[in-house]
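Letters A, B, C and D name the chains as they come in the text, with residue numbers starting at 1 for each one.
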Amino acid sequence: MPKTIKKVAVLTSGGDSPGMNAAIRAVVRTCAYHNVECLGVYRGYEGLIEGDFVVLDARSVKGIINKGGTMLKSARSKEFRTAEGRQEAYKKLKEKGVDGLVVIGGDGSFTGALVFNQEFNFPVMGIPGTIDNDIFGTSHTLGFDTALNTVVDAIDKIRDTASSHNRLFFIEVMGRDVGHIALNCGIAGGAEEILIPEEDLGLERLVESLNKSKKSGKTSSIVIVAEGDKIGKNIFELKDYVDENMEGYDVRVSVLGHMQRGGAPSCFDRVLASRMGVKAVEAMLDGESNYMVGLKNNKMELTPLDSAIKGKTKINLELLRVSDIMST
Amino acid sequence: MPKTIKKVAVLTSGGDSPGMNAAIRAVVRTCAYHNVECLGVYRGYEGLIEGDFVVLDARSVKGIINKGGTMLKSARSKEFRTAEGRQEAYKKLKEKGVDGLVVIGGDGSFTGALVFNQEFNFPVMGIPGTIDNDIFGTSHTLGFDTALNTVVDAIDKIRDTASSHNRLFFIEVMGRDVGHIALNCGIAGGAEEILIPEEDLGLERLVESLNKSKKSGKTSSIVIVAEGDKIGKNIFELKDYVDENMEGYDVRVSVLGHMQRGGAPSCFDRVLASRMGVKAVEAMLDGESNYMVGLKNNKMELTPLDSAIKGKTKINLELLRVSDIMST
Amino acid sequence: MPKTIKKVAVLTSGGDSPGMNAAIRAVVRTCAYHNVECLGVYRGYEGLIEGDFVVLDARSVKGIINKGGTMLKSARSKEFRTAEGRQEAYKKLKEKGVDGLVVIGGDGSFTGALVFNQEFNFPVMGIPGTIDNDIFGTSHTLGFDTALNTVVDAIDKIRDTASSHNRLFFIEVMGRDVGHIALNCGIAGGAEEILIPEEDLGLERLVESLNKSKKSGKTSSIVIVAEGDKIGKNIFELKDYVDENMEGYDVRVSVLGHMQRGGAPSCFDRVLASRMGVKAVEAMLDGESNYMVGLKNNKMELTPLDSAIKGKTKINLELLRVSDIMST
Amino acid sequence: MPKTIKKVAVLTSGGDSPGMNAAIRAVVRTCAYHNVECLGVYRGYEGLIEGDFVVLDARSVKGIINKGGTMLKSARSKEFRTAEGRQEAYKKLKEKGVDGLVVIGGDGSFTGALVFNQEFNFPVMGIPGTIDNDIFGTSHTLGFDTALNTVVDAIDKIRDTASSHNRLFFIEVMGRDVGHIALNCGIAGGAEEILIPEEDLGLERLVESLNKSKKSGKTSSIVIVAEGDKIGKNIFELKDYVDENMEGYDVRVSVLGHMQRGGAPSCFDRVLASRMGVKAVEAMLDGESNYMVGLKNNKMELTPLDSAIKGKTKINLELLRVSDIMST
């Protein structure tokens, strides 16, 4: 029979994403609903080691559901990768009487949580918060939908100027290892080509495809490039290559950068965050540990943390095909 | 063996929704991709009867993926409900050599398509376009996600002024028969109460709940009301009731209205529209008819039109519970 | 020689508007810059009478420049209209050692400030915060520019659905006594007609004008109506009149309501708020009192509070003419 | 007595800016209002030389007031800098019976117009369209206000992630020769420092100022850098310098790029464009030539083209001071 949970701590860790505040709010209010105390931990595992806590009740999280970033701040902690660091963190939690820990973050953060659980048998639950959508066990990570809308809005703006000038734009979006943002935003932004880490189009085929676009009557073009695209050139080298190998285009580069991480979360991300926060706390109160909550087929489901970490989310091949057809 | 499709017509019908233009574009480009001709029909079934057609090629739909509304315009046609009207429409399609018809709209539009097919054995495919998300066979209708973001943005703005003045706002959102918009936006907007057609909270319980909110320290409140809420009072009567039965609140009403139908579609709706357009045309080229394309578990699936029309989409009870917990 | 100001109080009063938080921040930071203490007063004159104060330093106003509403909340105070109420307010300010008061609000709030100054010779400065832009002595009030963008965004969305359905929309915007919002947004939203409190178009001419629009080939129309339009019918009566006297239009009504008051302030309003806050505090430190700060010809200028209250801002006749020409 | 103008041509030239479409619409509809014919010229002076014209009537410009970019497309023309090019352009205009030319663009475009007028005594009028706000004779150029809001929205998003991680961000905004965008957006975005072409802060003082910020309790910082900032380092070199000379900050760079040129124009820019279009055409019909229309003290005024070209718009020193005080 599981030990009764009476006090839960919550932290955000790794790169921030829109919806993290909404998830914090949901964790705190679900605790309040079940008469469980709740502590916020500042700056992820760093703050855990330092004992940088704050008491959170239902009113403390008022007005944050629509704020980007994380009110608890986030960090990457080297110390938590050491046994001493984790020992210190455990001590701090025990001092405060905390019984369970909810970690909002990506797979690096979950790895830390899992090791921590294994060492101290301390209940942990994960909520997937990252714009990259690269976590196994959920169709959508927190912040992914918001980031898509931010990127598409930027592409729309760039399209205005591209089509006024018959220009070719390379637009870099986030995604070192996965092309989810690039692929969705490429389709939604009406891109002529999408370069993702999962697929090597090759430079020749890129130029060929752009030439075909041009012949079909297109006077401006947009190519979406994920940070980690397979061609293995950075976006400025791509521009140079096309400058040398294509005529009639004025080629420009835009790197969207960190604005992709911020902004008010979309309705989808706020609802998802609320559902995930409820599920994470209630699963923990039911005696579960070492799970990540996720969205599967529009339902909340639990996935073991180690599967979430090891698993791979694959690119949807149907979307690749849709992209090809749409750039006809 | 199915007859080969060589020319497809596409129309939008019923209330417009964001993403309809993106779906038209997808239908047109998929036709182009498969070397099938494509005609657009203006003003839904009205234009079909009048033969108000336009030839659409890949370039004709340039720059519309991010536009709200529908370039083909929409209408509700009384004449298409008569056998004579449908006979005339059939004649016009035959004259133009059209082999198949894609209908983008809601269940009323699908009923028309189904009857038309039964009378003339004419291939039809449906794409669910409505902000209400009330169509069986797809987890999301085209425009639903965009409408959610529009509504949540409006709630955020009203919240600014509500909390500056310690006010109670009743906000009416679309949804005569279903509470999907109200429920999602209520959660995402941090509403204290959500009144939907599927559930009768009762006026006494509403006041009780608002009083509880107030005692818990909330100084302003937002109640989201679907057009067709079960309490059976219109939103101004609700205000009057609360004015008479609660003290200490300045009660206001806001009816969001038709702006919910417009605006640039979200990334989600653009991708969904693109996928649906591809699927609808390719299914038709494969010899299918009388289906609606839909999103199920993140995959494109076909649902027989009669199931789509008769089926009911139920409110997600989990969301009701999340809403209760979040308003703690 | 003016008494040295060592402690300033700031409050927001009347209807809230976007930019009020930015103005509070500017007042607080200008005080900090000049080593003057600053107190915030909650709920306008109500809080002044109750002594509901909060110490504000440069860090207290972090992260509010982009927030709608007012962190100090606002209210309308009946008690401050009585001599006893003002006496109590004066007592509370003296107890706290406050030397000067900055009032962010509209003309009602300025009237209160002026009376207060006359009774107690207490230094007061006004910052014009209202979306209506109806205050003499400044080309722009705080929040006006933001409200314009909010309204135009809503009109754009409604236009999407209007033009998809060949509809005529009456859209009501704020402005009981002045038509600034209606006139600017009408031009920017491409409205066919704009009804404002300053001008009586007459119902017959409205219908005539709409008929002319229709004949010129327009298939949908938008009429912007200020709350206080001169025709003297409310917007639903307007719809009924047009329904009876025009054919071929499906007429709809949308009342934009309180969302016009909220939202993140525009760049213009944030810069204006910052400039006004600096000017208000520095003028006070220079010994000035009973002035409102305002924008004139892109410069900060002082206007005596009584002129600001009594003066009238007139509608720009050039804009009326531009509107007529644009609806050609 | 001036020759009667019976046919006007309009073109957009140079970098595009939001509001150009609204200005085209205003020129076209003002012509229609006065029964003057109107031709659109594609791709600026390039299209003029090639005779790439389109007839525009009141209905041709429907639905473009809220679109970014320019429907007439823009270009920079080398040929128009030659006497032969201009001779050819003149010939094309005469062939079509055009009597006057409205040029929407920046100072380069105006220089072309002026030379053209001097050579052929052809009536020309300028409308200042550029996001940089660097044209003498108008307090605001078309697109400036929209660009400000686009930049501030991006800064808000970056601020979310900056403050979640205690980061220092250098954000590059447009402005090679003038710091208007940087200065306004720096204030509105709550930047700690603003680097502009007009002022050399010096690297040491920058680091000093950031250190002071940090000591005052700020945990994240944003520095806005105009493209042409005076320190003379590009933004990546700035980052390197700070990385080496400051501790405790994780320094990041974001270059906002071309998205600053696009997007739906703000209400302000749409109204301004409408006013400018009316004024430009009506001034020309009144026999004027060689002027630029501009906004001065909220009124439409004419400035001789040569003054507009030679004049310098200075940075508002008051804003620099406000920026200093706000970063207290």
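What to note about this one:
By our rule, a residue touches a chain if its C-beta (ideal position, glycine included) is under 8 Å from a C-beta of that chain, and two chains touch if they have at least 3 such contacts.
In UniProt terms, the chains line up like this: A, B, C, D = ATP-dependent 6-phosphofructokinase.
Everything numeric in this text was worked out from a predicted model, so none of it was measured.
Annotation: the A-B interface is duplicated by C-D among the options A-D, C-D or B-C, judged by over half of the residue-numbered contact pairs being identical.
Mean C-alpha position of chain A lies 35 Å from that of chain D. With centres set at the average Cα position, the gap from chain A to chain C is 39 Å.
Mean C-alpha position of chain C lies 28 Å from that of chain D.
Residue positions 156, 159, 163 of chain C each touch two or more of the other chains. Taken pairwise by the contact criterion, the protein chains form one closed cycle in which every chain touches exactly two others. Contacts from chain B toward chain C in the complex involve residues 12, 15-16, 18, 20, 67-70, 73-75, 150, 154, 156-166, 169, 252-263.
The part of chain B that touches chain A in the complex is made up of residues 25-26, 29-30, 32-33, 58-59, 62-63, 65-66, 139, 145, 148-149, 151-152, 156, 159, 163, 184-185, 187-190, 216-218, 264, 266-268, 270-271, 274-275, 278, 297-300, 316, 318-319, 321-322, 325-326, 328.
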